[in-house]
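Each remark here refers to the structure printed beneath this line.
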Amino acid sequence: MNRVTIRTVKSGFAIGLTITGLLLGALFAGLPALWMIASSFKSNTQIFAYPPHLIDDSFSIGPYSSVLSNPEQLRFFFNSYLVSTLVTMLTLLIGILSGYSFSRYAFRFKKFLNLIIIAVQSVPPITLMIPYFGLIVALRLYNSYSALLFTYLVFTLPYAIIMMTGYFNTLPRDLDEAVMIDGGGSLTILWRILVPISLPGIVSVGIYTFMLAWNEFLFALTLTKTNDMRTVPIGIQLLMGQHSFEWNQIMAMSVLGSVPVLILFLVFQRYFIAGMAAGSVKG
Amino acid sequence: MGKRLITLLLIAVMVLMAGNGTAKAQSGTVALQFSQWWEPELPSGALRSLMDDFEAKNPGIKVQLISGPYSTTHDQTVAGAATGTMSDVVGLDGAWVNDFVKQGALADLTKLMTDAKYDASELAAQVKLNGSTYMIPIVNFVYPVFVNLDLLKAAGIEKLPSTRAEFTDAAKKLTNTSKNVYGWVLPLSTEQPNGIQNDVMSWVWASGGSMLKDGKPNLVGNADITSAMEFIKGLYSAGNIAKGAFTMKEQDKVEEFTNGRVGMMIDSLAHINLIRQRNSKLNFAITALPAADGYTGKRGLPYASWGVGVAQSSKHQAEAWKLTAFLMSAETNSRLSSVANAFPGNIKATPDFVKTDKLFAEAFDVFKAGYLANEFTGLPVAEQLMREFSEPFQQYLSGDVKLDEFLSAAQSAWEKHFQ
Amino acid sequence: MQNTHISSGSTELRNFARLGLTKKLTPYAYLSPTLLLLTMLSLIPIVTVFLYSLVDNVIITNKPSLFVGLKNYIDIISSVNFRQALGNTLFFSATSVVAHLLLGLLFATLLNSRVIGIVPKAIFRVIYILPWVFTASVIAILWRLMLNPNGVVNYLLIGLGLAHEEIEWLSSRQLALPAVIFINVWAGYPFYMVSLLAGLQGISDDFYEAGKIDGANGVQLFRFITLPQLKPIIVSLALLDFIWTTHQFTLIWMTTGGGPIRSTEMLSTFTYKLAFSSNQFSQASTAAMVILAISTFVALFYVRNQRLADE
């Protein structure tokens, strides 16, 4: 009985602490975003007014209607979603296979290949830009979705592989052995056991890959020429003119771009809870 | 689960095969590509309608407008030239010409003009290197001084400052830190260092001075430079310059002025309408850059232009020249400068706003009374020169180094690029 | 118990596996798409950049390039600006990684707690992930607006009495670097948080039950169960973040441009200016190779660590 009482007192304190922490963290994360939303409704001058207000008399949905009524901008959104989704699916597929390889096998060039895969992403993209651009032109992929797709794969794969290797490494080998005893091959182990259990990890890798592809600017700009191939980050940059920035439209476009992504995140959140519920090995 | 994935991937592959940029023109027509950053800054459809006019006058030529963000235009053009994907006609800033010529990216316009038997007498300016023209400024944005008349009146100042002494005095009187108002604003961001050109060196040129001698840097022991730098330092030390100077950009500067927190600023003509749009209650005037006390000669006016060049790799150089000539024709040039709120590159063209708008008329008078001065045009790595000046300049303003140290540092950094 | 949902269609595979060859090739087979892609699209440009670093100049030059061997390397390494950028970058990356880790771990733990219901938890998760969904240039602009001397941050600070005049956050030599680090920490912690949250899901409750039975309290459970379980993921995250932060360009470029007076000059901005402002592409390539060398060195530690995990 004593144990229970102590636990309850401790829990009360813990609950209070947790909730305070959550609220403070939410302020830290959310206030700038709130400011962005507020700015998207203001007139450009009022964004710079002092003292600043959250909402003022210049409130209008003008910036949003400007963006949404512009077919070019809408095309940017479409392109971004298309490319990001495809990149995510392909990255997950290839990343899972490669992560499996690094996690479960010992082979001769393993360290070397692991090092290469990590090292290739340490070259600053800005220096790679021109040689890479030349390569894409030589491959006749200039100004196409394929160019963006392959380019982003090169960026996202090392990350996906490292993370999947890490997640697979947290899963005990007993699971693999259990499958092998029953006559299953490596593919079976991977798709029937490891993947379902690593679903939270896979979802998090997928989310990050999507974000990376979504937010990438430099190569999207360099490898596309015409507006029908360009993506949202370029659309936002086009609002930053030589003489002035369309501050409120920039904010509006950013908000519009992030809302569907947040909704997607809300939807996929439940896979975070999947955890050990899928096919664990007990006893 | 597996089957669904495979179907999705097949769809992906099909989309990839289909997804390619706008198709090329049919045979028989010449398809020109014109890359620039102007389209987003002009009223919607304005540039395209000019291109449609060109196409109507030149059947057999089609113009595709490729627009990009200004901040990346230079880098993208370099990359385009390096990979052979440069547009036929390229929008250029005078600061980039030297570098592109070095890269071999630009065609010799003098030769194209001769081939086309073009009469170049109407061109206000041509950017030349080694005797050949590589860029023609289509429209020019001059940078006069904007003054907030309400703040001026409240500070008890009767007339617009026309000498440096008057400017210093006005800046002091206009500054009111309790109201968060400052006399002057100075954008010294190293990301976009054109503040050195428009807001700093302009003081030198306005008094007929020069930062070069025989085309080589002449910063040390140059009386005009010394006096201008000391003048600015005086304003800075007195606290009359708005805060945030070291990372401020031109686009931020105008917002400070629009919100009535700055009394005077040197700024682009293009902002007249912008300020009006953003804050219709703001009462402001245009005046020339004050000269050094006692200077009575013509005043240099800093400017930035929207210029055009032709790609060396273009397969349609003659047609590309036709487009350039079209842009420079008196009629088109007037139209373009009207919508861009800039001064024409054709001496015969007159933008309509000069006749209808008082402020623009004032600016035009300033323009006519002085001369276009921007010594950075045509210099090698002009933007880097501005940066290499900006960094020791910031140290000088903060009091870390003395004037001669600062100028020597800038001079030696510059000289490396002139060998 | 264990047999029920395992397919038996892998007899052929089993037969093949008896031939040792297939077993040896399997890992390579799994890696093949990656290797193919990276070789073609990554190695070729990197090798090109390396070759650029060995000549006197490329791209913006009409003259043919001359081979100069290691001269560029000596120039770069002895350049004071490079060393300053290197120092700033290491400081920037190290502090960012540590802050990201602490915040990410803290938030992941908070979000994983059972104290709150499912719906509030979902809402909090969406709020916490916000910095991630915005593109770098917008984050830079947003913070520039907020940290403007006349911006909302100063307004709040003055209003709360924590400051008595407008602070030049991004324009002051002393404050610019901390400010930029803060922005980077804000923008980057969701990466850790989401990855660690996923990792936390993978820790079996059995461990915690066993721990509680042994009398461990919350903190001890965290130290002896949670952290060790998360270790492989944390190591991966730290490595990746370190490498990525070293590249961080847009955020710094659009807030301070490397200024004032190079106080926020990073290797990325330094390299960019070399390439596109001074038109020294060879030197920029050299700087890139030096960065590659440093990152590979760091990566070596990670790979060694992996080897230990195998055994």
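Per-chain numbering from 1; labels A, B and C assigned in written order.
By definition in this document, a contact is a pair of C-beta atoms (placed from the backbone, for glycine too) under 8 Å apart; a residue touches a chain by one contact, two chains touch by 3 or more.
Being a predicted model, the structure only gives us computed values, none of them experimental.
*Asks:* Can you tell me, using the touch rule above, whether these chains form a line, ring, star, complete graph or other shape?
*Replies:* It is complete, because no pair of chains fails to touch.
*Asks:* Could you tell me which pair, B-C or A-C, is linked by more C-beta pairs in contact?
*Replies:* More contacting C-beta pairs are found at A-C.
*Asks:* Measuring from the mean C-alpha position of chain B to the mean C-alpha position of chain C, what distance in angstrom results?
*Replies:* 37
*Asks:* How many angstrom lie between the CA centroids of chain A and chain C, rounded to a whole number?
*Replies:* 13
*Asks:* Would you please write down the residue numbers of chain A that are in contact with two or more other chains?
*Replies:* In chain A, residues 47-48, 50, 130, 134, 237, 240, 245 touch at least two other chains, as defined above.
*Asks:* Multi-chain contacts in chain C: which residues touch at least two other chains?
*Replies:* Within chain C, residues 59, 148, 150, 276 contact more than one other chain.
*Asks:* By residue number and range, which residues of chain B touch two or more other chains?
*Replies:* Each of 78, 82, 180, 256, 259, 261 in chain B touches at least two other chains.
*Asks:* Can you list the chain C residues touching chain A in their complex?
*Replies:* Listed in rising order, the residues are 1-3, 5-8, 10-11, 13-14, 17, 24, 26-28, 30-31, 33-35, 37-38, 41-46, 48-49, 52, 59, 106-107, 110-111, 113, 115-116, 122, 124-138, 141-143, 145-146, 148, 150-152, 155, 186, 191, 194-195, 197-199, 201-202, 204-205, 217-218, 229, 232-233, 235-236, 239-240, 243-244, 246-247, 249-250, 267-268, 271-272, 275-276, 281, 284-285, 287-289, 291-292, 294-296, 299-300, 302-303, 306-307, 309-310.
*Asks:* Which residues of chain A touch chain B in the complex?
*Replies:* Residues in contact with chain B: 43-45, 47-50, 82, 86, 89-90, 93, 129-130, 133-134, 137, 142-146, 149, 191, 221-222, 224-229, 234, 237-245.
*Asks:* Of all residues in chain B, which touch chain A in the complex?
*Replies:* Checking each residue of chain B against chain A gives 2, 5, 8-9, 12, 15-16, 19-22, 37, 40-41, 64, 66-72, 76, 78-79, 82-85, 141, 180, 250-251, 254-256, 258-259, 261, 268, 270-271, 274, 278-279.
*Asks:* Tell me, which parts of chain A touch chain C in their complex?
*Replies:* By the definition above, chain A touches chain C via 10, 14-15, 18-19, 21-22, 25-26, 28-30, 32-33, 35-36, 39, 47-48, 50-52, 94-95, 97-98, 100-102, 105-107, 110-111, 113-128, 130-132, 134-135, 150-151, 153-154, 157, 159, 161-163, 165-167, 169-171, 178-179, 182-188, 192, 197-198, 200-201, 203-204, 207-208, 211, 214-215, 217, 232-233, 236-237, 240, 245, 247, 250-251, 254, 257-258, 261-262, 265-266, 269, 272-276, 279-281, 283.
*Asks:* Of all residues in chain B, which touch chain C in the complex?
*Replies:* 74-75, 78, 82, 99, 102-104, 177, 180, 188-192, 242-248, 252, 256, 259, 261, 381, 383-384, 387, 390-391, 394-395, 398, 417
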